[in-house]
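You will see two complexes here that share chain A, one where it goes with chain B and one where it goes with chain C.
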Partner chain A sequence: MSDSFTLPGLALDLVPHYLRPGRSGPPGASGVVLTLIADEDRFNIEARRGSAAQLLASLANSFGAAPVNGPKTIAAGGFDFVGVGPSRWHAISRGDGRAERRAALAAAALESATVLDVSHGFVTFQLSGRSVVEALAKLAPIDLGEQGFAPGACAMTQIHGMSVQLRRRLDGGFYECAVPRSFAGSLYHALTDAALRFGLTVEPAQAVI
Partner chain B sequence: MLINCPYCGPRDLLEFTVKGEARARPDAAADLDSEASRAGFVDAVYLRDNPAGRHKEHWLHASGCQSWLVIERDTRTHEIFGASLVASDAEGAKS
Partner chain C sequence: MSGFRLADGGLIDRSRPLKFTFDGKAYTGYAGDTLASALLANGVRLFGRSFKYHRPRGVLSAGHEEPNALVELREGARREPNVKATAVELYDGLVARSQNRWPSLAFDAMAVNGLLKPIFSAGFYYKTFMWPASFWEKLYEPVIRRAAGLGRASGVEDPDTYERSNAFCDVLVVGAGPAGLMAALTAARAGADVILCEDQPRVGGQLLSDREFIDGRPAPEWAVSAAAELAALPNVRIMLRTTVTAAFDGCFAALERVSDHYPEPSAFQPRQRFWRIVAKRTILAAGSTERPLAFPDNDRPGIMLSSAVRTYLNRFGVAAGRVAAIYTSTDDGWLTARDFLRAGLTPVVLVDTRASAPAAFADVAKAVPIMLEGAVLGTEGAKGLSAIIVAAGGAQKRFEVDALAVSGGFNPAIQLASHFGGKPSWSENISAFLAGGTAQGVEPAGAAAGVFGLAEIFAEAAAAGAACAAAQGFAAPAPKLPTVAQTSTAGSLAAWRPNPAKDGKIFVDFQHDVTASDVVLAHREGYRSVEHLKRYTTLGMATEQGRTANISALAMMAQLTGRTIPETGVTLARPPVVPLALGAVAGDHRRGAFRPVRETAIHALSSEAGAPFVDVGQWKRPQYFPIPEDADLAATAAREVETVRTRVGVTDVSTLGKIEVLGADAGVFLDRVCATRASAIRPGRCGYFVMLREDGFMMDDGMIARFAPDHFLVYASTAHAASVYRHMLFCRQALWPELDVNLAAVTDGWAQFAIAGPRSPAVVQALVDAPRAITRTVFPPMSAAELTICDGVPARLCALSFSGERAFEVAVPAGYGAALFRRILDVGAAYGIAPYGSEAMGVMRIEKGHPAGSEINGQTTAYDLGLARALSKDKDHIGRVLSARPALNDRKRARLVGLTPLDPNDRLRAGAHVVETGVAPSAASDLGWLSSAAWSPTLRSFIALGFVSGGPDRLGDEVRIFDPVRGGDCAARIVAPCFYDPNGERPRV
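The block that comes next holds the complex of A and B.
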């Protein structure tokens, strides 16, 4: 698999036009902190018909754990495997060593699944803070309570008519909204509008997006 | 109105799109130019039952897991009796 898009010089050193870092809303501690996730690999994995069991066995063999066929997150081999549909997952990896993980995923999955690199097709916003659930509950028509949306839960749902992948990280405190890239500006405005009344901090963009 | 998606769980109606009556496809293996075959295709393509009562329909969970579902509901009360994946082997088949 080509490693070209992580080479220095090819990565886009741009800050999206919609991102306005800073503090807004009522005084006091921020209830919501929004961060644009800059460096992530995201692969869409879809098992070929009749090959789901083979794919899961192969991933378990390579990474020590297999994704589950449901809207949940399983962490294995440096990836978060997030269920997005029947026999479909997003494999998300961040930080250093992504090239090796990408090669390992390709070796483990390509026999029994279609693996599509959608890293540049999606934009992910990370939300945290004491009021994050209240802010998201204004937008998403799903149960975000502790029972309905436990750590690791994932939901493909819609926010302002946009199809959004909403998930709660396994550590519980961070929520993430991923959308196709062309919707990112609209989702950013929806999220910041919803979070403003709780006090919002938008963190500065990291160097590479 | 909540629809209990087999994959996602209970979700709001606005995430779904209805296609119409769930019915078997006409037999494409037979002589397609025969009178019976033509009538079968006309029936499948153009004619839909519209009962006042229980009805099986195809729905797409468009904003969710993008699965096609078969949903049985009462067209008078909108009560939903069950939802299942069209792909019965849960392999994501879009049949």
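The block that comes next holds the complex of A and C.
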């Protein structure tokens, strides 16, 4: 896909119809802040048969670190490599310089993996705030405690019957729920309903890249 | 004493009076009361009427085991029936009403049922009201249901919200009585993550009810300090007003009553929260339930469990009555007598079924008249107890009392352990069932483990807490155990002997009005298994699940059959432990959030255009795009079809499943998965595929585009996309892991539109970037390409036709979907383009005879659908062998055909039967059914696809379309399934 500042001839839909920016819930400081991550790069990387070791070596060589097998995040070369299955990762990239990173990833994985651009297949909601764990605990049937879900942890789980990739960013305070795009409206409502009683701020989509 | 409230004492807050009403009458209680304690304090003894016989009933217990004091709580939409007054925390403004009585609680005309007891005995509905048979549904059942029952539901939607949540811990402690507190302290001090769930609004359990002293101070104070220590630990979560209600594999369910102690929830707060708790180890410290004793008229208001009497006395400062007696087979009755004495209320008599007085209660024996080896022979009273008749030593005596405390032993609360299926084991020592071994890391402790002495409870609970912590790698130092006075509640089952004259009034299951005579009847009629006994008599099937009833009934059946109680057996408790509101189980899954929905990229645009949506699985698909000139939606569909047939239309096909198949072995893989030869599809082309299940039946059909030698894209049908992908993953991972092929479902990543109609090439030409030409020769039907459109937007273009016209499917990354849809409409305006919905698409596919979800329904084969010729004969593939079974290739099978009514205006509907003409419709004359039907604006006739026995061999035959459910009956002709352009010439123009 293209960087946000070089849009081609069709406009990207960056403001989905379900998004309702603003403050809701009881008065006081918001316990949860929800942000739609618009226009990120997300690649599905899957090692070809018998090529996992070669892929990891190539990625390490290109980006300085290799992803690990398992539900963890490794930051390298401007990507967050998130383990989503055996020998399978999502490489997530945001901000400027994505075109170069994209090319580097394609080159590094050329011989040993299939790389699919799934940027438009997922919608990612970022959640933060003092009550974010309590709100997510209402939805996700996994242990979100410090030990069970340390910074960088990732889980392919379900929320309200939707397949959701839930991860905690390496910086610790931010959680992300990535859901197949067609479910985004339903997940948005599930997240906002769960967060409402803690005080919720939904940020305008324009505010983020 | 005002009412039955003592002048002082109790754990209530007398500085906080609370006003409430019961049956419209105003009362006052105190913070810390339950509804039951507050009503008792006000001298109310009559709480309700029994289920069948409408006998007056009071309070038996002080907890969830209450079978009698059921009320309707709150009003209007929040009215909740069958609430146990003993479990309702009193709040200011509480409104409660009695239930199951008419016209009033004091005078209940339905009490006449008691006179009809011989008719309403166990299993009466199997024997009576049998004639005339038609009266049962119309008269007998409605009258009986009205006469017997519980409270009234509000009948309107629950206005409150409910939440669900998840919690995780090393050690879950169920119950914060002495055992739970001690176990939690031990495990938490060792460092384990502990969740302590307590049903009550405060910790302490039985310590709140007894006058125990721990470490030299009142037991409730010790409980408070223990809770304070726990609350200060970062690894402990104390959950009050939370009942662990069920145990499942890997987790427990708990109900937190967040707002039940308020008139209504405060803003943004749920009424209840339903927890899923995952614990590595669990300590079951839920206490025990006291059993009543079996004696005639043992259900009068004023007769109460001994431990409940103490709870009201010590925790709530309420006396069960002004003049009390005690009837016991355990030491618990003696404890109650002692506490009565301390409160200045001397019982008039203590009747013990045992031969000797317990030595530890010499003080009681000195102060209270004692009758050993005694029995209560009967009771007196109209709407409450007024006297008891007692026999002992061959003599009978009558005592005028208004309260009788009874104790028949204790049942450890092992329900949660039983949920795992562990069979309870009988303990002769305590005459009760214990949890049968440790199940799934559940460790009973305290009274739940059959340990009743406080010192033993502390010691064993501490050991259990340490063991659970150690199992998680937390070493627990030996705790300093609190110093307590040793108490005992030893006891035995009270003997019961059949007595036909009295058994009809000995109530075993109070809530369902099951008496000893019902148990005798069940035995006489052969229902001697505990499972039969339960179902025949309804024993233990009420909301308190037989907590106070089961052992008494088992003891009776054991005596009747000459067996022991363990030989007689026991039924297992099933979830939930306490009644649950379904709203709590549903949580947020209500209204629009009942289930997730899937939206395409043009959902908002379609909605703005006024399109109604149809559910296709989880997808919301626009069904029509109506314009003001359309007379109705049928006209809309007809207009949309005509637009495609004559000009050009655009529709959203994003819901089609899209599965990327990549790798050197992609072609080999698809050849094995598909019954068609996918590897024969050249790069840059599309091909039709058929996929069979292992059993030879159709799984799906669709199209495959090949963009490169090692890159295929499978377009599966919307209905089968998930199952097809799952199947392909299974094949790849389990059947042929050696193949170099990767799969990825990318349905959500692409917005895809079909542009169909004779003018579609011009519209597509206006979209694609130069120098791509969209002509019949350069981009003929079945072409496929990855290209750019609209000045650089990456896209995929396939020349595919579902409508039967020249058509294209263009896909772009989903974020561009809405913009592309608008662009297509813009550039197509010059060619008369119009959007069309799933209805018009469905009409056109029926006109073309394409099978879809109604035809590929899991019961049909490629042969049935006329697709057998498409199957590859020279390679192996899934379903090949079993699809060749003779039965699946019988010409008489119901096979796909088209049907047209002889009168074009005769409406055909899917689901109608196809029968022979001139023969009465019957199963024998049934030839098949219509699977899809529509009005064809192209043919000006109703048309249908259907399955007819031997159908393709009967083209031209006349049949009858019989639709008795919807009143359809017409003549039709069997034709080939393709009604429109059978030679397929139009897509090639």
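Here is the rule we use: the second predicted complex is superposed on the first by the 193 of 209 C-alpha atoms of A that agree within 3 Å, B and C clash if a C-alpha of one lies under 4 Å from a C-alpha of the other, contacts with A are read in each partner's own complex, and residues count from 1 in each chain.
Here is the rule we use: contacts are C-beta pairs under 8 Å (C-beta built on N, C-alpha and C of every residue); 3 or more make two chains touch, one makes a residue touch a chain.
Bear in mind that the values here come from a model prediction, so they are computed numbers and not experimental data.
Student: With the two structures laid over each other on chain A, which partner does A:157 touch: chain B (first), chain C (second), both, or neither?
Tutor: Touch partner of A:157: chain B, not chain C.
Student: Is A:141 contacted by the first partner chain B, the second partner chain C, both or neither?
Tutor: Once the two structures are laid over each other on A, A:141 reaches both partners.
Student: Quick one: is A:17 in contact with chain B, with chain C, with both, or with neither? Answer first, second, both or neither.
Tutor: Second partner only.
Student: Using the touch definition from the top, say if A:46 reaches chain B (first), chain C (second), both or neither.
Tutor: both
Student: With both complexes superposed on chain A, which partner does A:25 reach: first (chain B), second (chain C), both or neither?
Tutor: second
Student: Name the contact category of A:189: first (chain B only), second (chain C only), both, or neither.
Tutor: second
Student: With the two complexes superposed on chain A, say which partner A:197 touches: chain B (first), chain C (second), both, or neither.
Tutor: In the superposition, A:197 contacts chain C only.
Student: Quick check for you: in the superposed arrangement, does A:119 touch first (chain B), second (chain C), both or neither?
Tutor: A:119: touches chain C, not chain B.
Student: Using the touch definition from the top, say if A:71 reaches chain B (first), chain C (second), both or neither.
Tutor: first
Student: Which partner reaches more residues of chain A, chain B or chain C?
Tutor: Between chain B and chain C, C touches the greater number of residues in chain A.
Student: Does any part of chain A touch chain B in one structure and chain C in the other, and if so which residues?
Tutor: Shared contact residues on chain A: 46, 49-50, 141-143, 148.
Student: Looking at the complex, which residues from chain B come into contact with chain A?
Tutor: Residues 7-12, 14-15, 62-67, 85, 87, 89-93 of chain B touch chain A in their complex.
Student: Name, in rising order, each residue of chain C that touches chain A in their complex.
Tutor: It is residues 163-168, 193, 267-270, 276, 278, 588-589, 592-593, 595-601, 603-604, 607, 619, 660, 662-663, 737-742, 744, 746-750, 788-794, 812-820, 823 of chain C that touch chain A.
Student: Of all residues in chain A, which touch chain B in the complex?
Tutor: Counting only chain A, the residues touching chain B are 46-47, 49-52, 69-71, 84-88, 141-143, 148, 155-158, 163.
Student: Which chain A residues qualify as touching chain C in the complex?
Tutor: 1-2, 8-14, 16-17, 25-26, 39, 44, 46, 48-50, 114, 116-122, 137-138, 140-143, 145, 148, 160-162, 180-187, 189-190, 193-194, 196-197
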